[in-house]
Structures are given as structure tokens and as C-alpha cells.
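Going in written order, the chains are labelled A, B, C and D, and every chain counts its residues from 1.
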Amino acid sequence: MGTPDQNAPDFPLAPPIEAVAWLNATAPQTLDGLRGRVVVLEAFQMLCPGCVAHGLPQATRVFETFSHDDVAVIGLHTVFEHHEAQTPVALEAFLSEYRIRFPVGIDAPGGGHDLPRTMARFAMQGTPTLVLIDALGRRRAQHFGTVPDLQLGAEIMALVAEARAHRQPDPSHAA
Amino acid sequence: MGTPDQNAPDFPLAPPIEAVAWLNATAPQTLDGLRGRVVVLEAFQMLCPGCVAHGLPQATRVFETFSHDDVAVIGLHTVFEHHEAQTPVALEAFLSEYRIRFPVGIDAPGGGHDLPRTMARFAMQGTPTLVLIDALGRRRAQHFGTVPDLQLGAEIMALVAEARAHRQPDPSHAA
Amino acid sequence: MGTPDQNAPDFPLAPPIEAVAWLNATAPQTLDGLRGRVVVLEAFQMLCPGCVAHGLPQATRVFETFSHDDVAVIGLHTVFEHHEAQTPVALEAFLSEYRIRFPVGIDAPGGGHDLPRTMARFAMQGTPTLVLIDALGRRRAQHFGTVPDLQLGAEIMALVAEARAHRQPDPSHAA
Amino acid sequence: MGTPDQNAPDFPLAPPIEAVAWLNATAPQTLDGLRGRVVVLEAFQMLCPGCVAHGLPQATRVFETFSHDDVAVIGLHTVFEHHEAQTPVALEAFLSEYRIRFPVGIDAPGGGHDLPRTMARFAMQGTPTLVLIDALGRRRAQHFGTVPDLQLGAEIMALVAEARAHRQPDPSHAA
């Protein structure tokens, strides 16, 4: 399995999220502000069938399975089609109906026919896309489409374990 | 999530597996011989519906997802009912039909109405039961019934990360 | 199983559908115009999770399984909440993304807090609701929530068989 | 959909079932004895994964959905491989574990490498195979592998409706 290499020193920082508004959050979420935690970023569109059937339910399972001290789940509404349908007010109704509780940002429009800004910065190929960002803010994995739960659980925990190791300067792993 | 505490020094060793025969293996498997790898032990019965529908397919996913250098998957046929039906020859046919490739031991009969011996030593409540054993041979988790893939992937990777940390005496996790 | 009684002579006619617009159709659909065929009416809302996960996929299976000479499938968008999100332009995007091919009417708004008009006439309790109308235009079954495929297939075929029997004045079922 | 033509007069009678024993039944089941009812014959092997995952659960749904006055569900254990594993005593344990309640016959061995006798008479290609027999004892459909519930429900009801029409000499279908 292609789990992240825990000691590779050279993963670049993830680009910042540029959202015009946030739902399910009392303040804007930033990757800088989430430093110290593993971030699972779920990019979706509310009218994307694969997002509704697979991506978002999986993100909800991550949100409900891992400690929020270890893992932050962030949704990002990256509208690149059907703009007139996938409006902020429609998104709000959608999140309510689908009982999505984690913070969801609305990606900044790109202007004209351009992709929304965060989607473009991450070079996402479409929706759903799941991005794993480690506790140091580095992008460690990016999955377009579906990723099996077993693999995702392992990938997230590899980053959590790495973060825990960093937090303890004296790793005397007693046996 | 109840992931194993990576630094707890006091987990007892798992009891040994006592099998009368092995299928899908050229030699008997022992936990001592698997030391250094995380072991996922799947106890099942071939006529147990929950094993067939959930436990064994999940064990197969583990077998196909993780590196065999990191994780060993071992099946254990713990027959405690329908002995006349769940015979070794029947098990062999079953493994062939269900395309199960990992080694499977036949738990030693307990005598009379007693549970089979390994099942009794592990104090298993029934089938399917999934046991996680760390690279030092210690029992770290035991699940009776179903456990979600996302949680299991995380639990296995927590032990894999721990094992990797042990293997490298100078854990200079460069950032 | 509560299949319709084929010979009961006293089922009242289904009320008419009052739609303000039709998608996937070149002309408005009416139950009178569909007389002679069994009609499967699927009332839904595009942001109703049960409609998206179960009701609409089942309606699509009906559309793809039965001959269109025997069975007409009609969708009805009965918006009774989130009006600002479930607009006609949003519905059009939704039908495109979910590849729904059968005609879909937009139920006439009820005014104020009232239910949409067709929904009210049929006394539907919510969405999804599936209504079976026989070839004579009579309402024969109405299911709120999910109905198993096996049962639904039988209920539809009972009405199709009844319609066929009506069409042939000399039912000499040779053995 | 390829539903049976209700008026085709020339379907041959299904061959008889030749079973050496019956489980879940107080007496041997015969197609002659079931005349007047639609018969759903589910041929399976207890170690056939497709039978366990799809064929038998579907047969159970048929058993639980349709009136037993209209539809009889009959299982047939057609062992053509792994004879030493799929014994009568093993089958009995299997039916108990999987809570299969309908009568199950054990197909008569064919001798040597031959297929079991009923399986050969019906020219079945493998397991699972589902056979539909009408109320007059005629074979009307035979499905090797899976058949969707919606289609199967319709096929069964077409035969039930036909049987009901036969039972009433004066089919005054009042409108």
C-alpha cells in the first residue's frame, strides 16, 4: 500500500485554502491554524453523485472515528459546474439534510471559466478529491475518486503516529 | 477511537496458537516466528454467516492492502459446533471456493464439550473474532463481531508505525 | 404481500397531476394521456437523502426493466422545504448529474406554507413516495419510504397482467 | 424485460425432481404435488459463494414476500464438486446456521463424474440456478447466476396472475 513515508523530509507545504465563506464553523478555518493536527480535506460538489454516495459519507466516518485532537476534517465546496444550482443557500440546505457536521468552506470562484481558486492551487482533477495534510502542514496524499476505508484509515493513522512521535522529544518506546 | 496506546509497556504476550494442521502454508505458523511483524489473527468457522459475509472478506482486504513485510494475516478455524460438518476436508474445499490465500490453522480440539484450545486461551466469545498482535508478540486488541474498516486500518497502522519506530534506533524524524 | 386485488372494481381514479413545468419531456404528462399503461409515479425532492439513495435509483430500475408500452415512469418534484435551494434550474442540473431519463414534473406550489398541489391531492406524507396507478387511471398503491424491489416488481406486474387481460376480450388461456 | 408470455400454450412440463432426501419438510416434495402453485426452484451448493451471497438470500426473500398459497419455494442441493465436504450432515448444519426455512431436497447423485440427476435433467449450467415453474407444472424460466429482484418479482407475479386467471372460469374483470 502506498502509505506516506514517515521520514521523508521534503514534502512541500500544502497551499492555503481560500474560501469566501464557512458553514458549520464559527470562524474561518486555515491550515496554519490547524497545524499540529492531521487534516483530511474533502473537496466536493453537492450535486456530484460520487461525492454524495462515497466521498462525504467517508469523510463523516473519519470525523466520527478519529479523535478531533488528532484529526481535523474539513469540507471544501469546489463548484466548477452548475454554478446556478450549487449556490451557498443550496449548500446550506444540503449540509442540513445530509447531517454533515464538520466545517465546510466555499471555495473562492476563479473568475470566468476558471476552476475555483483552492481547487486550482491543489491541481485537483475533479470531485470528490480527498487530501491528507500532516501535522506540519505538508500535503502527503491526494486521492481523486474513491479510496477504500481500510487504506484511508491506515494512511491517516500513519500521519497521526508521526505527529505523536514529533510531540514527544524523548521517544523511549519501552517494550 | 480506542486505538492502542503506542507506549504502554505492559501488554502481556499473546498465548501461542495450537493448531493441529495448516492450510495455505508450507510450515506451521507460530507467533514467535512472526515476531517483528504485526499479526492479524482471524478466528472463524466456515459455516458462521458473519464470518463468511464480513470477517473473512475483511481479513482478505487486510492481506491485500498491507505489505506482508509489515503485517501477517493468519486464519484460525475454531470449530466449536457442527464438528461433523466443519471437517478439515470441508475447510479445504471452503478455502478454495472462497479464494482465501493466507495461512489457516485448524485449532486443536478441546476434548469433549470444551472449546478448541487456542480459542479458549484467547478467551474468545465466538466467531468471528479478530485479534491484533504487535511486532513484539503482545496482544493489543481483540474484536468479537464486526469492526469497521476505517478503524481497523488505523489500529493496524498504529502498530506498524510503532514497529517501524522500534526498528530504527535513531528516530531523527526530520521535518 | 399486499398486492393489489386484481378484480376489485371500486378503486377511485387518481387525482390529476398539476405540474408547472416538465423536464425530460416534450409535452406535459397527464394521467389521462397515459391511460392504458401502468404508471409508476415517484414523488421526490432533489435534496432528500432517501430519494437520492433509494427512491430515484429504484424508479430508474423500473424504467429500465419494464417495457415502456406497459409501464410509464413519471417523476414529480414535490418541493415542500428548502424552496430557495430546490429550484427548477437546480433540478435540471440534478437530473443531468444523476442521469435520470424519465419525465419529471415540477409540482405546482401550494402557496404560503401549503404543500405543493399534487402532493396535497394525493395526501402524501413526505418524500420519497411511490404511487402505482393502473391502466384505468385508478390509484392502486401508495408507498411512503422504501419498498423492496421484489415486492414492487410483483405489484407492478400484477397491474400489467390485469391490463393485458382487459385488452383481450377473449382470454382463452390455453394450457 | 423477458417476462414469460402468459398465453403461450406450448411450454413443456418441467422434469421431475429426483431427491434422495428432504430437509425442512415432513414429506418429499414433488412438482406434481405442487401443481396449482407457482414453484421457485433454487438449485445451489452450500460452498458456492454466489449461492450463499445472492441466490439463497433471494430465495428467502421470495419465501417471505409471496403468499405460500400462490408460490412454493423449493431448494435443491445439486452437489457436483467437493462431495466429501458438502455432505447431508453438513447441509443440515448449513441450513440451520443460515436460517433457511423452505424445503430443501438433496439431488440424487449421478454416479461417477456425472452431474446429479435433477441438475442434469434440467440441463443446469452451474449454481446458483433459479427455475420458475408455472401452476400447470411447466418450466417457464431458468436463470443461471443472478437475476435482479425487480425482474424476478415481476416474473413470479406474471405466473401467479396467470394461475389466478385459470382458477376463475368466469373472468369478469369489472372495471
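We take it that contacts are C-beta pairs under 8 Å (C-beta built on N, C-alpha and C of every residue); 3 or more make two chains touch, one makes a residue touch a chain.
What you are looking at is a predicted structure, and each value in this text was computed from that prediction instead of being measured.
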Each chain counted as touching chain B and chain C at once: A, D
Copies chain C and chain D - rotation angle from C-alpha fit, nearest 5 degrees: 180
Reference chain D; chain at largest CA-centroid distance: A
Separation of chain A from chain B, taking each centre as the mean of its C-alpha atoms, in whole Å: 32
CA centroid of chain B to CA centroid of chain D, Å: 39
Computed distance of Cα centres, chain D from chain A, in Å: 51
Touching two or more other chains - residue numbers and ranges from chain B: none
Touch-based graph of the chains, sorted into line, ring, star, complete or other: ring
Listing of all chain pairs that touch each other, if any do: A-B, A-C, B-D, C-D
Residues of chain B defined as touching chain A within the complex: 1, 3, 6-7, 9, 58, 61-62, 65-67, 136, 148-158, 160-162, 164-166, 171-175
Chain C - residues contacting chain A, complex: 47-49, 52-53, 82, 84-87, 89-90, 92-94, 97-98
